[in-house]
């Protein structure tokens, strides 16, 4: 089974962190490729970064699928470009946020998401609404922790996130925590031990679900909104992509 | 990894069918136990059968967990007793309907469920509502096919179900089909080939998600509605269950 | 008019309390039978107790209906086994929680539920969602008061519940209170006098609605999800129930 | 117990029909007053008739409450002026549509409403949404039968409504029917016998629920949106109403 | 373009304030008429005032439309009588609350409404629900400021409202404020400058949207719930209105 | 007032059509600029085209805003890149679909959207859900008319769309029609005359709402999800955009 995990931002150290997290949970028979785009934003914080990240990410998905990927994982908690990725590929595509929401809804009765910046809350809430999983989500909380500080100040990050988890369990009625950023993977186990509730990291969840879909031989439906793009002459900057056979 | 799959009805041939379907998708390192209750209804068609099936099924879950199960799958499309099963165990528990709904929502934009009897529609719709996945479900259709006829008249069953799938794709705007009964597992691939859209069998989906949760080391949250039952002296018929350590 | 009220737990003192509460509100021409199961949990706190309570309760409903009951009331605030009870009987069946929610939504604009243990919140919220009455419910609050302490320490119970009602009126924007446990019937009037807002006890509400349905000659619909169970050979522990004519 | 039933339109024959329907279901100890406004529309078909009907109806409610009414029923299927009526009275107020919706949701899994004119559909759907009971409603159907024809051509009315009920049971998945007009009371039993599913008339339902609320000693909450109107000098046409003590 | 703005209460100074606010935002080519009813409540605080205000307001709308109005604005934040006004006129009708909600949902991701009395909250929440815009509304807050004090104590009003806005931005996650009363128009700009987020006054929003609809030549649909009222003989107090050609 | 209308695809004839439609409804004092991206897809049909269209479109928005635009209109019925556009600009940004939905919800009780390809239905339904206006939308219908055929075969297009509108009015209970493509502007008036219900073109609606927001001096909120993007070094293809002062 060949899994492709794409970090939609251009920061190599984050890609490496994601690869490390993915390797810890991938099944022995999985061959994993972890990529990042050639161009785009170094981190995805808000709608604009998200929009600019998609074209470079789609290029990686096309390449990986041509090379035989059985499933793709988009390793950004905004599930950046997820619908477009599904429409451009035949293999299943899983976003790490949606994966975490799905798993959380099977482990507890209400989950709280603890993310980085407040500006990401409406993005995450919109996704929850579209997936339907807002019904199982108690609250989306921001720790006001910039993405790149997760790497540069891990202790401070742990402190701030821990504080939000404490409030989630006390104030939100949550019995399950979803960590709202691909860069928080390393913290999931620590928080589980500390708070004694399931703490779900999206990268692990995404690799898990992509593995499941690939093993079941599942493909993305081409009969509805994820139909292959119609061939047409794109202008400029983006080389016209060749359809995946 | 030890997976426990429980068929909540007492019909051995259905249990064998479920075991066969599960074996086809389980990963090589999974040790599977497939059980059925000692007492209860021979098939689950409606709310009453469902209610009477739960105590016998919970007994199997307690036994399997004591014997070291890492995850449980409830192999009835009504997700019979799912919440009670979660509260009584520490390992994760997955219902085959919820598993199918979750996977379907990652493969297409709208799915239709094709089930057996019309009396099951409100049960399935209630579950979809509680999970939030009604938002991705175009419709729940009944083929008016009694559960036990799936075994005795497979050709007629295939004909009737195929007809409903055809209508689902044409009338409901669905691009993905969920087969709404544990006994339909053998038909999923045939329908996929015929209709060229993802056709999801709950047993495969359930085994897939349970495997994922087990591999990730996930446990059911004990901090909310799935808290372990308080010890108290039950009267009569049911031997007081011993808490799982 | 013959009303059957079933306490789904096996604690006789609670059954007596429920009978006393019911008698206070029943119309003069009502003949009431108040029963409890022969087997099952002594109180219902969470999903597991609920699941084990249903078979014993259904037996009582079948007996009462055979004896001519015109309506049934399920006297547990989780509305334990309500759907199965409807499917097994022809007479209407009312849960005390749903009855309280329906009445509350006609007396105020938003109601808050004050229940016993936090683990019951997801059960109550799920029911509210399925009934649609979550839209009129401001919040479900837990006082962390174990069910059986309602009897053993009534003063402490009143103190704790009063505190939650105070917060509900101040913080939730509620103008109506629903007491979330069959054992709280005796407190409704006290709280009404103290807080000057409608305080609704489920037992009174349930008896009221069952009376209404019986007087109108209403029956449970047998055309959909509440269709009579199909005759089939149950295995073991549960004697196959004879269908109600 | 003193019940006040107000027909919000000015057509005496409809008021008499409502009184007849109410009498058939009222308990022996109920003293009923059935009124209609002095001024306003002769039938309520759409938003404009509804708006003009309210002031005259509120006058009747104030009079009846001053005379000691224990509960009020608004006998128009649009639940005309229901919120204002609650705010102006201390006794509980029940709309016949909401009463029918509440009872229907306890007798079946999905109900369909069969009303008169298509222009009433958005009014009924808005009410269902606000009450939350849209979640249990399969569909609102119009028979395109003008209200006043219910009296002048009962056979034709029965034919048209019967046809819609037939379709509701076949196409909507409904197992329960709500008759969507106060003037259809006489038909409920006939349709029940013919279609063998619960057929609910709002007048009966409303009288039943008002009786229940009155017997339980319930009052409308004055702590929220139904607080008594603030005393202030109204200008012209409407004599300033005197607050109900 | 002829715009008609109706203040549904009978207080002339409020009508003048509304006219002043409207004039500040109307396009140069708009001819504005600002009216108030001849009879009814001097302010609208709750359901009862609202119900009594409608007939007098509809009279003004009929007059203005006969005189050639291209669009109407109802200048009360409860959108009093909005549906009836649409049904009685051919020109488009805009409520100031709905207008503010629509604009707010295009300027930010979540808005909070700051209104006067708590009794208005359920009215506003019901409207938000019916319009669908509850999904973009973080919260409806009451400052417990009586409508008429907005005029008599503007400094105190500003203080109280400012305090609620502060809390909305901090506690609700709102990034946009809607002022919940026609009498707050003069404060919008001050609060914008102070809090640096969009602060939307309904009068300005309503005039803006009515202008837009009129310029586009839009008319209210007469094909559904807003169909012209059927001609019928009204009794007493209200002169039978002549249908608008 | 300076309005900027951006056609997010690269087809000049569509840009001209949009400009023509916009000019017909713009107020006399509006200075309009109509642009299209330098690179990207020639039409937007589905998620992939949409994703590739955004970067080129954002460039035009930055340019126009730097040049002093008071409001932007995104002239694609998928509201392509709307959230990113809002985050990157200070002026308000309006999508033509959302504009049409908002206006439709003020002119009728239920609207149906008639769009081009079925693959666009999930995109439009997702947007309706996020805006909340799904609650007023009866149905989204596809005519299976490719976008570019609107220009090459206008008679055939009119025939197909007219057929869908006919069905919408008959089957969906809609009383208002929204044309679901920027290229259908020229047909709105014809269909209005033919079907006698409001037929709303998004370009007209978008220009109307953008004008309103600009005239009111409104700005996009920078306090939540639309906060200005954080400055950071983008890699490759996209020149780092300079923040708008």
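By letter and in written order, the chains are A, B, C, D, E and F; residue numbering begins at 1 in each of them.
In this section, a contact is a pair of C-beta atoms (placed from the backbone, for glycine too) under 8 Å apart; a residue touches a chain by one contact, two chains touch by 3 or more.
Please read all numbers here as calculations on a predicted model, not as lab measurements.
Taken together, subunit A and subunit E share the touching chains C, F. Listed here as common contacts of subunit B and subunit E: A, C, D, F. By residue number, more than half of the contact pairs of B-C reappear in one of the listed pairs A-E, A-F or A-C, namely A-F.
Summarising the inter-chain layout, the chain whose CA centre lies farthest from the centre of subunit E is B. With chains reduced to the mean position of their C-alpha atoms, the one farthest from subunit C is F.
Set side by side, C-E and A-F show the greater C-beta contact count at A-F.
Centre to centre, using the average C-alpha position, subunit D and subunit E are separated by 29 Å.
Inter-chain centre distance (subunit D to subunit F, centres taken as mean C-alpha positions): 43 Å. Residue numbers of subunit F whose C-beta contacts span two or more other chains: 109-110, 118, 121-122, 129-130, 135, 173, 224-226. Because contacts link the chains in a way that matches no line, ring, star or complete pattern, their graph is best described as other. Per the contact rule defined earlier, chains pair up in contact as A-B, A-C, A-E, A-F, B-C, B-D, B-F, C-D, C-E, D-E, D-F, E-F. Considering their complex, residues 25, 27-29, 92-94, 98, 102-103, 105-110, 130-136, 169, 173-176, 196-198, 200, 204-205, 208-209, 211-213, 215-216, 218-226 of subunit E touch subunit F. Subunit B makes touch with subunit F in their complex at residues 109-110, 135, 173. Listed in rising order, the residues of subunit F touching subunit B in the complex are 118, 121-122, 129.
Only residues 10, 37-43, 45-52, 54-56, 58, 81, 83-84, 86-88, 118-123, 126, 129-130, 146, 224-227, 229-230, 232-238 of subunit F touch subunit A when the two sit together in their complex.
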